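Structures follow.
Below are two complexes that have chain A in common, paired first with chain B and then with chain C.
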Partner chain A sequence: MNGQLPRWVDYGLIPLINVTIAFFVAGLVVIAIGENPLDVVRIMLRGALGYGEGVGFTLYYATDFIFAGLAVAVAFHAGLFNIGGEGQATIAGLGVALVCLALNGQPWWLVAPLAIVAAMVFSAAWAYVPGALQAYRGSHIVINTIMFNFIATSAMVYLLTHVLKPMGQMAPETRTFDVATRLPFMKDYITPLGYDLGQSPLNLSILIAAAACVLVYLLIWRTRLGYALRTVGTNPTAALYAGIDPKRITVIAMIISGALVGLIAINEVMGTHHRLFLGFTGGAGFVGIAVALMGRSHPIGIALAALLFGMLYQGGAELAFEKPTITRDMIVAIQGLVILFAGALEHMFRPALERMFITARAATA
Partner chain B sequence: MTAPAPSGSAPPTSAPPAIELVGIDKRFGAVHANKDINLVIPKGTIHGIVGENGAGKSTLMSILYGFYSADKGEIRVDGKPVAIRSSQDAIAAGIGMVHQHFMLVDVFTVLENVILGAEGGRLVAKAEARARAELHRLETEYDLAVDPDAVVETLSVGLQQRVEILKALYRGAEILILDEPTGVLTPSEADHLFRILRQLRDQGKTIILITHKLREIMAVTDHVSVMRRGEMVAHLTTAETSMEKIAEAMVGRHVLLEVDKGPANPGAVLLDVSGVSVRDKRGVTLVDNVSFQVRAGEIVGIAGVAGNGQSELIEAITGIRAPTSGTVTVNGQPVPADPAKVRDLGLAHVPEDRHHMGLVLPFEARENAILGYQDDPRYGSGLMQDAGAILKTCETQMAAYDVRPPTPRLRTSLFSGGNQQKIVVAREIERDPKVLVVGQPTRGVDIGAIEFIHKRLIDLRDQGKAVLLISVELDEIRSLSDRVLVMFAGKVVGEVAPSTGEGEIGLLMAGVAKDRQGKGAGA
Partner chain C sequence: MELFDQLINVLASTIRLSVPLLFACLAGLYSERSGVVDIGLEGKMLGAAFAAGAVAAVTGSAWAGLGAAIAIGVALSLVHGFASITHRGNQIVSGVAINFLALGVTALLGQAWFNEGGRTPQLPGSARFLDVTLPFADSLRDVPFLGSIYANLISNQSIPTYAAFAAVPLTWYVLYRTRFGLRLRAVGENPHAVDTAGISVARLRYAAVIICGILCGFGGAYLAIAQSAGFLNEMTAGKGFIALAALIFAKWRPVPAMWACLLFGLLDAVALRLQGTVVPGIGEIPVQVFQALPYILTVVLLAGFIGKAIPPKADGIPYSKDR
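Moving on to the complex of A and B:
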């Protein structure tokens, strides 16, 4: 069945076709509201890649999506659908904020390792509970992770309004971290070298994201744990036969998945906004699902898909700015179309392509 | 009862054949599944189609039943060309199929299953009344008695199969295709099925029987067609041929149907199963106080119809499931409920179902070569796996067991059934275990590989290992084992010598003749 297609088709051509179709349909929508789709594409591309600041923003968005995509992918390899990234990252934000506030004024290079550990531990703990409930109580991971998203938001509302908000301030957010404690912006390093990143919030987190891609690749395909994880994910009965405990692996996979998505808080709380506020995740946890689907749960694919979604976010923002007829909601619709075609309809063109390649191969054979 | 009564066969001269396939050709990519197949099946006959796995039998029948369409060729039913593009077309042309895996809704009654998809209106009451009358007619005409109001899941497998046949007849099938129909039946149920088939033939129905059991071909068919590598290689009249000839046509060379082995030389007890019972979550007893021993240098076979507790017994022995009571020891050591630890005691396990348990099909072959031994220090220490060592292990095993293609990086699902099984057997035997538990070692495996695997099991025995063989293939049990235990309803109901007649073992398997002490009269 599967595996009849060359890898470059499986991982390259099919996603490309899906994205092309998505843009084509989006183009029809643009025509319907009386705009020129080519214009729209030009504005989006220029906005996302045309100048330093745009590139900076694109990569900044992509950083979140990489963390979220990797998290979904790791769980997915173990046969789990973690859609609680949003809540897990929110809780991670709490960990990061607590560390940064406690060590306020200390240099970032001292605080960052602790903040990273806090982010990963807090969100891993938040993912552990649904994981353990799934493994030992059989309550469904999807339901539990969704509910944990709501619990995380509610808990955050309480903490921000009752505990963490400084006296005399209206907005439900913590105080801003000291300049020394903030994770440095990439623009501070890159712009002096001659490439102007403008005011983009791209920060050191993107390097952590790159490292995470490599580590996840090693974890899944090179380690003994990864082998056990994939065995449980593809054939739990065979895992039992092989003496691998699916329950234990379920819990471990959720912990790793949670730890990865928690790094969004490093990018957002410590790297960009320098304070904790409600909804800092901006839906990245959910976009991660589409990113992982589109990237076929492979770190390289996830990095590319994250980049594409980063471009959509940044290009979309510019588009909404330049074309008043195309509202923010329009952009969301286009993103939705990409998710629809790249994720949900992933297999739509596969059978036709398989037939094509098989006949082509038979003809040459 | 080898020669079937030719009385019922319609004279092939006058009437057009029930089915005629002319030049059927089908390719799946590089695989040429059916090459220019010609086949004539006269009306009112039972026609066997045999061939190894992957010979193209299923493809051919799928074309006939409308699951695939042929690239070239023509299908004629009663002399008239028909275009069969879906199973509805096939049913309209009077072709019915009884699948190997039943297509029944377990929680529906027999009646509901029969009318499913043929309700013929928005309300079922009318259809039910019609079906009830029709079932009654079929029942009397063909001796196909089933209670129309029984819920399917409460019926025995043999009766469920009867429901499938009734379904096809209810839809007006004149031509009935049966795909491996006896795989799940006891010998006596199979005999009953054959009686039904003969009766259907005598009433003018045409029957196509797909099977790999040559014994059945000899017992029930009028003609037999042999397929090999997508081609029809022989059309034989059953009464004029022999099992050996058919086997030779299937494989293309002379094959040993009998396993060549010397007498056993049993030594110390290596596997001791004592009073083992297994109950499931609902408290149903699946394995009931089973005790036996397997000694070094012997093969003990467990015969039984599938679903009589064999699977659960294997799971209890190999540590996959903790027995509710009783103990299992390997080489004197008690077995814990952890397959990894059981392997460390020197027990290897070739599971019954390689697709669901023995292999992870989407994995590459090299990854499956270490399944169950993934924590062995040879394949990596600390966090990382040692890819080089794993690859080398896989290459060695593939060479020793002649796995084709010998490509460790090929996805396991792309190997043929026989080669997949060789990957499993190689992995388990190459570890030099003391005890080997092997379930259905040759299910879905071609004749060449069966010969090979059987020889390996005998070799293992002769090296002084203890082998426990569980199989639903009575022939396999009888030819390989030194002692045979028979399981029925979770109990070991008897121990017999492998030379015991099939009839007698069959009765034990069916739960009849519980105490056959002394005289083996039933055979």
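Moving on to the complex of A and C:
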């Protein structure tokens, strides 16, 4: 199918056209509200990149989106759609909070490795069940991961209102962790060097996110498992003939996917809010779908898409402040448009472009 | 007698709570029976609810609200159809896109147009579908048992509620007793055969998603202008997904779909009823158990532990003439 098109068109031009259209339609929504889209872009860019604190917030949001995007991408490579990142990250928050509360007061560098393991194990377990049900019982993974999102929410509401909430407190949230146990903010390191990150919650998790990008790249394109993953994703029957067990790979892909998205809990619970509360994921698990589609499931693309969505989130916050008619829901709408044009309609322009290239080639030949 | 009244109360709220589920579930049934997976029911219903609330508030007419809701439901369905039928895109991705689009745009426009924190203005009774009292309901109310059932369950519901339950036998008839229904079922199982018979696969599937949009429109309108007096942010609250679960539970058949929606409505009604009360011998049952139950049941059913739910064979697979 993509034999006729050069790689730069396939991986560069088509995604660019699709995302441009998504933003164009978003601009129409802004016009419908009665604002000037160019004004909106200017305010958002200034809010996201114009000063140190804004940059810090942008990168802090991007951290979540990298984890979520990588998780969706790993599943995509194995031909699976993990729509349950939100629920998996929620359960990961439970693991992180339990470790941090059990070791409350201990230095963060001692707690962090355990918390990371807990985050990954908890959310991998939550992803394992739909994965195994898909592989061995044939239930559809999309439906099951949706169901598991809701079950995770209900379980978390129960735990926070009945079990984890300190006595005599109204708000359904855990105790706040000791200062020593919190993952350090980047501003503590960067601001003294002369770049003011302000009060942004950017923390060490961003380094974990960067490492995760590299590791996922190596996993997918440089290991035997990654090869098996991609083979199953492309053609499960061929994989079977090549001696790869598609069922096993399905389960492994979901475990890896779940483990990755669980790291959102490190950024949010241990790094930013220092306690567990309802909805700490802030929808980041879902943003991963748009990020992975936009980034074409490649870590570099995902990092760039995550950065763009980080800018949207931070710029959107600034926008809501300056133009009260445009609330942060704008970002959710843009998210939908990106998923629509970069995902569901990704092939809309391909036939036209193919024709163009074939005529161009015929003309030069 | 008091126990009986309580039972009637719970059943009455069961019916009310199951109506949006039933509309969305039947909507999904048409779409999925034709081979188009739809996880965008939630978004379509939300968009329709907003349209109903907004238009009813501006025009003061419930019927105009319903019309707008249907228009938006169909418009979003056509987006889904354009992506998944015309361009053979991933149907799940398209459904996810519609959910986010509706969530974002309704909240955004709600705030920008009405400036009430995302809700549409409170509707007067004249701009809503109010409960209808059927003939003799009041005079028969005092007849033991049957009178109460007639007056409180069968009477005293809104027009969309009757429409929802009327849609069940209608859907059954369309699906199993008409030529269109036969073709619809065929196109979801074996589109190549339908194509070979000289019938357009795309046209059938578009018809199915348009019906789906109309029913989502009814569901949204019910939420915004029958059950409530206006649109609220995120007012579908996962009902589109519960409807999807009910559809699986019903194994993609209309009459079982009604029972599944009533069951999930009952769970919701019982949860509301039991909130904070202590059951003797068990203690306080957490509401969350009832909230999670539809989802847990669906997972168990899908896994084949209590019967097997097998979707239409071509569900989710874009059709292309070349094999």
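In the analysis below, the second predicted complex is superposed on the first by the 356 of 365 C-alpha atoms of A that agree within 3 Å, B and C clash if a C-alpha of one lies under 4 Å from a C-alpha of the other, contacts with A are read in each partner's own complex, and residues count from 1 in each chain.
One rule holds in what follows: a residue touches a chain if its C-beta (ideal position, glycine included) is under 8 Å from a C-beta of that chain, and two chains touch if they have at least 3 such contacts.
Everything quoted here is computed from the prediction, not taken from an experiment.
Once the two complexes are laid over each other on the shared chain, residue contacts for A:335 go to chain C alone; chain B is not touched. Looking at the shared chain after the overlay, A:347 reaches chain C, while chain B stays out of its contact range. When the shared chain is aligned, no partner comes close enough to touch A:28: not chain B, not chain C.
In the superposed pair of complexes, A:142 makes contact with chain C only, with no contact to chain B. Legend: residue contacts after superposition of the two complexes on their common chain; A:238 is shown touching chain B, with no touch to chain C.
When chain B and chain C are set side by side, the one touching more residues of chain A is C.
Look at A:227: by the touch rule set out above, it reaches chain B but stays clear of chain C. When both complexes are overlaid on chain A, the residue A:300 reaches neither chain B nor chain C. Shared interface residues of chain A, touching chain B in one complex and chain C in the other, do not exist.
Of all residues in chain A, only 1-4, 218, 222-225, 227-228, 230-231, 234-235, 237-238, 240-244, 358-359, 361-362, 365 touch chain B in the complex they form. Considering their complex, residues 27-30, 318-320, 338-343, 349, 351, 356-363, 367, 371-372, 374-375, 380, 383-385, 387, 411, 413-414 of chain B touch chain A.
In the complex of the two chains, the chain C residues touching chain A come out as 39, 79, 82-84, 87-94, 96-105, 107-109, 111-112, 118, 238, 241, 244-245, 248, 286, 288-289, 291-292, 295-296, 298-299, 302-304, 311. Those residues of chain A that touch chain C in the shared complex are 29, 32-34, 81, 83, 133, 137-140, 142-144, 146-148, 150-151, 154-155, 157-158, 162, 286, 289-290, 293, 325-327, 329-337, 339-340, 343-348.
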